[in-house]
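Pasting the structures in now, so scroll down.
Next come two complexes, and both contain subunit A; in the first it sits with subunit B, in the second with subunit C.
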Partner chain A sequence: MTGRTMSGATTHLDTVEHAGQSPDTIQPWAELGLKADEYQRIRAILGRRPTSAELAMYSVMWSEHCSYKSSKVHLRQFGDKTTEQMRSVLLAGIGENAGVVDVGDGWAVTFKVESHNHPSYIEPYQGAATGVGGIVRDILAMGARPIAVMDQLRFGAIDHPDTARVVHGVVAGVGGYGNCLGLPNIGGELVFDPCYQGNPLVNALCVGALRHEDLHLANATGEGNLVVLFGARTGGDGIGGVSVLASETFDEKGPSRRPAVQVGDPFAEKVLIECCLELFTAGVVEGIQDLGGAGLSCATSELASAGDGGMAVRLEEVPLRDATLRPEEILMSESQERMMAIVRPDRIDEFMAIARKWDVEAAVIGEVTAGERLTITWHDELIVDVPPRTVAHEGPVYQRPFERPGSQDALQADSALALPRPKTGDELRETVLRLAGSPNLASKEWVTAQYDRYVMGNTALAMPDDAGVVRVDEESGLGVAVATDCNARFAKLDPYAGAQLALSEAYRNVATAGATPLAVTDCLNFGSPEDPGVMWQFAETTRGLADACQVLGTPVTGGNVSLYNSTGDDAIHPTPVVGVLGVMDDVTRRTPSGWRQPGQVIYLLGTTREELSGSEWAWVTHGHLGGVPPKVDLGAERLLGQILVNASRDGLVDAAHDLSDGGLAQALVEACLRYDVGARVWLDEVCERDGISPFTALFSESVARVIVSVPRTEEVRFTDMCTARGQVHARIGVVDSPDEDATLDVQGLFSIPLTELRQAWEPLLRNTFS
Partner chain B sequence: MGRIVVDVMPKPEILDPQGKAVAGALARLGYDEFGAVRQGKRFELEVDGEVTPELLGRAREAAGLLLSNPVIEDVVNVSADESADESADDDAVVS
Partner chain C sequence: MRVGVVTFPGSLDDQDAARAVRLAGGEAVSLWHGDCDLRGVDAVVLPGGFSYGDYLRCGAISRFAPVMEPLIAAAKGGLSVLGICNGFQVLCEAHLLPGALIRNDHRMFVCRDQRLSIERTDTPWTNQYQRGEEIVIPLKNGEGGYVADDATLDMLEGEGRVVARYVGGNPNGSYRNIAGVSNEAGNVVGLMPHPEHATEPFFGPDPRSGTTGLDGMRFFTSLLEKVAAA
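Take a look at the complex of A and B:
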């Protein structure tokens, strides 16, 4: 016990023995975010007071972010409502780092979306960059090669003075990290709304591909197996709240102010990816886990808890960037680009040789042990001795009270149907242009041009098409499509329906690209769970999403919950971002969102109802949010999906674009501008059939609708298929010539040259931010 | 004419990928006596006339507001550059 060579000013080491002898020591549990009963529970579990290192571990692992203590009771539905049939496509599901979906031919795909909201507001560039880095490591930890990323960004009002600061940093951070990694960014979302002013949302999604036999799980089994920490060195970044502990308990000189943000190094991550993939191929890894939030505390306790239960760690073996770090800080550090592996002793030399080859630092820091304790020593002194399940998986679970807000009735009663509408052709024309140039519908090119969309050469579709499509198998052309969506205004008006509408739209986008939807990931961004109104939104959202997933047969494979997204008492709109992954046999059959061939006929699939509440039109032209969102129709969505996938497979459609924000008007604008090819459109038949006005036909946001362009030679086969299956369809136009005076012509109402349309649609973001 | 020098460094706890890359390159070139490298940045602000305490105060303010990102960087030095006058015609002077 004399080998202590700690540097720095530490005078006491709070050992387990010392904790046993000093039960009355006052500990800063409240400053670390624990409640009194939680602290008492830790004492009961251990039969003594926790050491400061144990307190640090429990506090961070029992935080909302790591323990899901407020959301867990609701998230259970995602498992409970998943049927055996839905489960049959899953190789791994919720609880693992990410869900893994069988896509056929021995291939599997893993995908997940996560939030990095709060760090991105404090330090937009690094917050967004490390958000990308973190989700990529999650995917890597499943044994998969990351093949694409997407980002879902929500900012405050476009003209607010603080918005540009956040937008510049976040977009550059997403691009900087992803581009340096050499991963294509194939799409995402970009939304501006005042509700995100003080609390922007930065979600990041990653997709990875693997062979079935390469699947790796995060568990530590096999007594005597070694625990290896590899990648970047551990530094004092991202420690945040734990500095409270260090300063309050030990340091009389005052708080050391450890920064709560981390700086990422994408080049280190790129090397780590290649190193991991070679380790997997060599078969030298028994179990693996990435280090993200809660760092070593999380990795050690989760690996042990999911495995045999026993692990002994020698903390002084952790390679440090800063030799003055205290043991508590080493346990909490969120330094980026680190992984932890479980390796058999007879394979460790091979492991180390591969790590050396990639210039990745690796250190054996412990081993799997018999028994069910996680022990951590610091120079032979025992500072942690806990049952790992109590840290990682058996944290507190809250049944938070929830109640429908009293204001909800008034909100729903305030329908957009009462708003004044454009009537004449000229008024409609002006509205089309105004919407096309509004913040949420204008071209996103200024953002997506900063991302590398085609690196690796497997991207078949990316922004601005409906879904991102990447090839998985370069021989057969097998590939996947991913889309994410969420209209938070709908969720605000009715969270149950809003969640279903998010799924409905993402499902439709994937099918529109020509892929069969298979599985779901979600990132649930909400306000404070301590507000019963917010908790009601959350409960309704999870119920709605789980119910809808059951109907569509697409299981939730994993995701993330981000709570406390509010400024003062004002919560963000409930924002359940839903990602859908689909598979297609051959990505060369993908369907793009714009038409190209003059003379092709344009069909509108689906029925239009008078649904304007929560719509882009109501928001842009009247600043109005009220009423009830469009009716959910999952049956229609599923039928439409089948039609689109079959049409793509049989070559019946050349272009398809989904109708969502901005309705048919915006879909026509985008389909024309995609390749600068005009169209002549007539609405009389649809208006008569659905009993609606031209205005409603253009701007309603009813679900389960797309426009497609059909080659004349395939028209009969296409309409026969629609008729046979009962798909509502109407011929609404023809694709026009692509010459200079190409126009979008809506007969009898208005005509807009594409040059004018582009002038309205294209420049907003560029003019605002560059 | 006076000159104020502002030095900004990444906070000590924060990862410095540039410094790390430089340290690796130095070792590869045989300069293995330098264990670690951290890379910051230096600003030179020119002022009319002498550098006064007031001007230093203004520079300190600007350093906190614009020249550094206080979330991840520290301003480690704001001072008058004494060599400014002699070296006015020699930009290559190394301080």
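Take a look at the complex of A and C:
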């Protein structure tokens, strides 16, 4: 669909009456992404052929992106496996725009991660920018003030000629939009892997805070209440973006699809945020919904579907940027920075006055009606007359076939344990440096320096620390920590375990910062669901994540699924990005990831096993991916979390850093470089206790491990606590003096001056992309 | 001590400036861009942000806001005015300060803890600093390159109107490393980095900077000192 009119659409207005009279009109359902049986189902629901406007609505709302038709049957587990006790922290859960978590003192926090993958490959800047804009509106629609963003980025090989194009655009887009909105960017992920070459992943997370009483839900209730569209005008951008971009795999020979990507205006969104918050405070909003994917089609049908009546919309009242837009295009337009509110007639003047104050254009485009139909007219002619639930909530559901790929056994049999290993001190030293300077472990400062982390004045931790921490209540210091993680190599080797490992790591990172993990959001990025092997990965991932959430007591509150991340037969690694939100009573007690005080003792918490398959070491030094990932140990993870939170609260640790990609070696590197303070480390005791070699101690990626630095005055209390609770711990080092000769010294093996370490770790991204 | 903080559409650091004023012991008074009224404040901060999206030249639209009319008149009459980041851009566009701020020479937004040397200390905003004192406060901008013609730059240097200079690397291509300037009388100061983001422990510059993270506080306590003395 590229022209000004929908191909195949009749040139005159296709009214409901006309549709009833012309059942045999050929309609472009296939071009709009519908399957033959889906089109027949629409005809059955309506008892006639759909009008072109109805066809537009159904096609976009029944797309994979909006309907979750392939994933729904699996996603149900997140609700089914949430116990009453887990539910007790939730004020709103899956199904709303975002989950809302009670964090105490009358405060609630809402957070969600969402993908904008396909648009970001085509038009990296705008794709990424509008990804941020979209997730921020989701949070705003809950009645919350957005307080922070994060971005989870995955690109192709760092040295591939096309990677720089995407990296530059995406990073500038995330920054350009988020910075201009005035939201601190408090962290995220940055991964390079050839599997993302043609399908980069751009996920964005937003956190918002609200008082319990300010919670707003997306429904249209109260006959006679007005439907108000406000924010930016509706234009021709992003028409069909949802169905065209999210439901088809890229084909190099296809037509240029640039016009399908939306264009963002962060200033309009900033003003919209302030306007909405003032509207909420004034109490003039009965229900609210953001306009994202599927635009007006989605907002009108979802609001009406979730409400207790119907809705009548006069489409010609929609303020337009382009007066030539046809009604179908207005319904499908994904113009950004728009919201829809339900307002009582006696409050509309107040509503409009607040909108005027912020120079936000607002128009009454319809009202809530008594019936159960969503009707849309165009200059008094009826062009849509549908049951809204059939559009919004009762779309097709597929039981896609899934099957463990035959290649999975061979993949798992190809263990990294057989790979040649460094043995001597010199070889280990060289490996530490090589890993520190590798694309996924090197400093991410080139990216994070393009993001404002200070705005709002509440950021207590941000990259490069383990979690982002922001204050919610300025009086008490109450705040939240958020971390997101996913090692997609682990997920490729074993999707069930991989999803649990992603949760495990994010949970650990939140606890490492000193916060108690409470709730989960996820962004499930996968290949084509029409591939049974990919669908098996998806089924295993959702099962693994839901099971692990139950064990850890952290409910999935909402999230997003992105399918069709494949080019030809090549799918990305399954990439279930898991975000964990934790709460802390006083964010100034947060634990940073680097040590600063000379003489403090360094403890390694947790057990190290010989687990190298899927590790950063195997990938960087051997280009190897095979075997089975590290063993999941959620019990150990939960205990470790409790130890870390208590230690933070009681002032027993001054620094804590989790062990994940690159193992102990990389954790030591980062903890030293955080404040340029060296350390002397010995591994003999750990090697003897766990029955491992120094190489394994340094590079294994076993779960449930962190390093902490403990003030000598607190050492006895700390070790007593570990012993009493059964937390495995070993004293492995001492923090050195911060001077020019600072080194990371691993006794008996090697010593690396921090200047040399920094030289290895710091410049890669800057040199590659500047 | 009542310090007005102006909110333009797209202002972002207005709440932060207000917080800094309160932490310094003053009373922050919110001023709305659309009101032609300074509400009797003793001083004004024009905060950071992207007013009107900065889609035109930064500050070029805001300088025509109704609130700017009494503000410009009062500034010429001696009212203490501090423009931070976008506020600095507005002051230049309003011709209360010479020069202009253009896109960073490296074309990227930059957010970092920035070392500055304070060079003019007889302004109401900097009288608590020592001349030549080095401080670290956050810098975050996309269009922070300070430019002016040589004659103007020579005049600024000759009259001692450079308030702060970048030390340890020029982050945005500003001529002569200029981070902030003042008008002749010194009551109007524009500064690209953000002192309001270095006024509260744990929420300012990283300890890597080697500072307490509170180096920006004296911009606001200076003001109180000046008013108390007046």
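Keep this in mind: the second predicted complex is superposed on the first by the 739 of 770 C-alpha atoms of A that agree within 3 Å, B and C clash if a C-alpha of one lies under 4 Å from a C-alpha of the other, contacts with A are read in each partner's own complex, and residues count from 1 in each chain.
Simple rule for what comes next: contacts are C-beta pairs under 8 Å (C-beta built on N, C-alpha and C of every residue); 3 or more make two chains touch, one makes a residue touch a chain.
Please read these numbers as outputs of a predicted model, since none were measured by experiment.
*Asks:* Here subunit A is shared; do subunit B and subunit C fit on it together or clash?
*Replies:* They fit: once the shared chain is superposed, the two partners occupy separate space.
*Asks:* Once the shared chain is lined up, is A:A172 touching subunit B (first), subunit C (second), both, or neither of them?
*Replies:* Touch status of A:A172: second partner only.
*Asks:* Using the touch criterion from the header, give the chain among subunit B and subunit C with more contacted residues in subunit A.
*Replies:* Of subunit B and subunit C, more residues of subunit A lie in contact with C.
*Asks:* Looking at A:A232, would you say it contacts subunit B, subunit C, both, or neither? Reply first, second, both or neither.
*Replies:* Only subunit B is touched by A:A232; subunit C is not.
*Asks:* Give one of first, second, both or neither to describe whether A:P388 is in contact with subunit B, with subunit C, with both, or with none.
*Replies:* neither
*Asks:* Could you read off the angle at the CA centre of subunit A, spanning the centres of subunit B and subunit C, to the nearest 10°?
*Replies:* About 60 degrees, rounded to the nearest 10.
*Asks:* Can A:T459 be said to touch subunit B (first), subunit C (second), both, or neither?
*Replies:* second
*Asks:* Touching A:G527 in the superposition: subunit B (first), subunit C (second), both, neither?
*Replies:* In the superposition, A:G527 touches no partner, neither subunit B nor subunit C.
*Asks:* In the superposed arrangement, which partner chain does A:R471 touch: subunit B (first), subunit C (second), both, or neither?
*Replies:* second
*Asks:* Does subunit B (first) or subunit C (second) touch A:Q126, or do both, or does neither?
*Replies:* first
*Asks:* Give one of first, second, both or neither to describe whether A:D676 is in contact with subunit B, with subunit C, with both, or with none.
*Replies:* second
*Asks:* Looking at A:F267, would you say it contacts subunit B, subunit C, both, or neither? Reply first, second, both or neither.
*Replies:* Touch partners of A:F267: subunit B and subunit C.
*Asks:* Check the superposed model and tell me the shortest C-alpha distance between subunit B and subunit C, rounded to whole Å.
*Replies:* Minimum C-alpha separation, subunit B to subunit C: 5 Å.
*Asks:* Is there a shared patch on subunit A that both subunit B and subunit C touch, and which residues make it up?
*Replies:* 265, 267-268
*Asks:* Please give the residue numbers of subunit B that touch subunit A in the complex, ascending.
*Replies:* Against subunit A, subunit B makes touches at 10-17, 20-21, 69, 71-72.
*Asks:* Taking the touch rule as given, give the residues of subunit A at its contact with subunit B in the complex, in rising order.
*Replies:* 122-123, 126, 232, 235-237, 239, 258-259, 261-265, 267-268, 321-322, 335-336
*Asks:* Going by the contact rule set out above, which residues of subunit A touch subunit C in the complex?
*Replies:* So the residues of subunit A in touch with subunit C come to 172, 175-176, 179-182, 265-268, 270-271, 357-359, 448-460, 471, 474, 587-588, 590, 592, 596, 674-676, 770.
*Asks:* Please output the residues of subunit C touching subunit A within their complex, sorted ascending.
*Replies:* So the residues of subunit C in touch with subunit A come to 9-10, 12-13, 15-16, 19, 34, 48-50, 52-55, 106, 108-112, 138, 140, 142, 194, 196-197, 200-204, 207-208.
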